[in-house]
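Paired with chain B in one complex and with chain C in the other, chain A is shared by the two complexes that follow.
On to the complex of A and B.
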């Protein structure tokens, strides 16, 4: 076991969670030492989302992404067309090598001393490298390439990486959620890797701890009616277009399915989930504000129904719902939203929305405009979330407030395992099962000396604490 | 500038345009949002692109495309009307309690006059003060197309907002610029 940085007093980190009462100490959200430890124990080890291959279609294309508090260069090589990711920090003195958000590069030259890297991260030159008054040609360039991620995965177009060579494969990391993620990256007619993502990332800052949105919103149906009252009162659902299934009662024959909040305590993933009990797909039932969009999706859904005529659709979040990949990525059937920690009290929200590669212009525009008016700091819906997530932090941070606990016991003890997704706890849609699962996994990471202690590298590990 | 306009006409026009822009700012600050909405043309296009950090000279990449990419705003009067309905519910939490906004409009510059349509550039500084100590500043430029209107003097037909931000630093942008 590594030494956990003690927060205040002498309690071990486990003492900050009370599985019996179903509570988590606020200290875990407001303490800078805990934050530093999270960056080491969690963000250095987990598979993290970087972006989508459609953002860098051509050789030499690059984008800057983030892994926790650090920037990475995600670049498509000019020769082998492979995508790789590197820490955006020059090996010489640590300067940011790239300060552009995106572009196309032959090489990356650091603006400090001209250390120069190719699109595979190799150091190919440096200022004065051959000068008899400087390096005299002795710089061992082969040893000083950019720091590359330990493992990289292009999963149906979505790009993921981990710094930890001992991390399990991406599919093992996802476990029973592998097919759910694959499903969300399909076009609406069921074609694999079927999405084009709209560039660029939507990014904005929120002054709160990353776990407030990152762990709370994995499933939080009890917030909707109160937090989003204004959207309902202003009738923004009804006449502004809604992507996502809605009123099931309108279907002549309701498609047999069940909705849950689910949490995988060993892997930390979870969220909203629909289990389908019949082959095929439910009848198309969205209503888009923009003309002609429903026709496109209705036809695509019919093609998908043919594709899945003999197959049950993978479980995934439903309607506007989502499931979430540990530590901080929310996935919908058209969109990824994730949280990049900056400091104990600042997080940056990133969003990437997509649409079928083959969608006509009017459909692309409708989905794009929906994403613009739904997501982020100007979003109809999410702007209300931002206020609540924001003021949790200052109101939890004070000397008195931080000694209190958060209540996470909604539905505790009522969950059941289900053969459809082995190892995953199924619970009522309005429970906090997914949030509890996050903390089971969080604690495991915080206590683990290495991946050897963690499921699924350690197959026998049981991280469930409640 | 159209050559045949005489100087006095242009001074008067510039004054009228300024009065329109200042009134617009005042209505926003006085929370008279529905009256502000009346100043907008039915076919308004309200656009705020995102701004990328790009290599010197790659200026075509700096602003996100209106046709292809994600923008902060890219919408019409119908969507803005929905935003105002939401702001007027009294339960839109990032504006409850409401902010103290002060829109300052300056550097008004007539670009062209064609028939009843006037292109005008200006700058905005929007100060937001909220609760006890929540402060945000939105600073940037606008490229507007106004159309003469018998009732309101002008109506806003097109507005490009060039906000001096890359990552949106405030958690919410809940006013109009």
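On to the complex of A and C.
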């Protein structure tokens, strides 16, 4: 599985990355054979993000999510209230069973020949199942349930799954990012599983390769400086209201912290990172335009400060910057965003924005409006990103353009390990360390025959290539 | 005493009527089963029936999804 057919001279996959020069061949972004191999080698094995439990609060609630190019039904069972995930493909002849994006169901009935499945995926009926001239009651229903994911995890409200029964536990997969993800899923008062996600959520379909946003844009502070200069001019970035940005009240004593770009080359995760050097939380800063919202968050922050009085806050999240979970999820304190590959040149970006579960209406509304200002009909912050992502692909895929390489050497060789997050390389905020870590892991997945070759199942594996 | 209402499940409105058969509707099947609707998923294909009589005695007292084509009669 390591060579790529129909690529230039049938190169080995390793040839496409030059760690010495710090370059990545554009073929990795535009070659359909490589894309197919990614779906098999990466998306069939990795833990993938499916959604959030608050999207399906009631028994029988379901959403359609995706794992790689395939749809999955994520459903809360009517009896045991457990959430499970199944491939959205009828076991009879492969019809797409569920055609709604979300809803509440007693059973999922296939429109083709009426095989029907309950909310645990069990086959519970088929057209003419009892007819003496058809199935004669002999259909072995217990063997023909919907294909269920091999492992499923509800991690503080966020839902994850893998098709690979041999994948490590979700926490092992996250490694030193476990506490940070948990932190991002907390309410602003520091209590667990504290978020409600706004529905329906935002989706954008983009004509580009999934790695353009998924690998290249999480932790790319140099693009923030350039691409988002327009948003800075309109005071949208880090400015939720009238008093944000530069007008914020200066704190008397700044909270001690340091900022980095980080990457775990063995796990592939990484992004912006803030390490805090003191217990507790930074003092709350007024930032909301809407009346009463600052009061709510100030009180919540005070409660969080009590909870963390003897504890250093987890890195990233909550003002500490966003980070990526390999292969294609971005997380921070107010959104979970992931990139769904459809084909080599088409990706969908899904964004779930959240608010404290217990927040009153005026706070929910303010937070929702803020996320809409980012990329809703009246937003533009992320439209600026999408413009880049849209044009990268066509400008890279031509017969001439694809023979070139991309430059990923910004900050190469400057990174250092840090005991605070073992195994993670820390580098300057404006470097491309996180992006290089993603490619170290990408290569490991593309070459590995199974999880036995991959960290952390194989603890001895060292995937860092640069 | 008035006759219990019999639902018309054939003809142009049969499928729509089937889709909204309420809980409690009495059902007989073409295989000699009888029972009562406990839930209607509204998909037009199935109703969930608790059986009091069934060709397979093991099903009596339990629920099974019944395909529209297997329903002989539905009465209020």
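What we mean here is this: the second predicted complex is superposed on the first by the 436 of 466 C-alpha atoms of A that agree within 3 Å, B and C clash if a C-alpha of one lies under 4 Å from a C-alpha of the other, contacts with A are read in each partner's own complex, and residues count from 1 in each chain.
Please note the rule applied: a contact is a pair of C-beta atoms (placed from the backbone, for glycine too) under 8 Å apart; a residue touches a chain by one contact, two chains touch by 3 or more.
What you see is a predicted model; the values in this text were computed from it and never measured.
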Superposition on chain A - do chain B and chain C clash or fit: fit
First (chain B), second (chain C), both or neither touched by A:119: neither
Which superposed partner A:301 touches (first chain B, second chain C, both, neither): neither
First, second, both or neither for A:106, with chain B first and chain C second: second
First, second, both or neither for A:127, with chain B first and chain C second: second
Superposition-derived comparison: chain B or chain C, residues of chain A touched: B
Contacts of A:328 with chain B and chain C, given as first, second, both or neither: neither
Partner chain(s) touched by A:266 [first = chain B, second = chain C, both, neither]: neither
Minimum C-alpha separation between chain B and chain C after superposing on chain A, in Å: 9
Residue numbers on chain A that touch chain C, as the complex places them: 105-107, 109, 114, 116, 124-131, 137
Interface residues, chain A side, partner chain B - complex: 99-103, 198-200, 202-207, 227, 229-231, 233-236, 239-240, 348, 353, 365, 368-369, 371-373, 376-378, 380, 383-384, 386-388, 390
Residues of chain B that touch chain A when the two form their complex: 50, 52-55, 58, 61, 64, 67-75, 79, 82-83, 85-86, 88-89, 91-94, 166-174
Complex contact set, residues of chain C against chain A: 31, 39, 41-43, 45-46, 48, 55-56, 64-67, 69-70
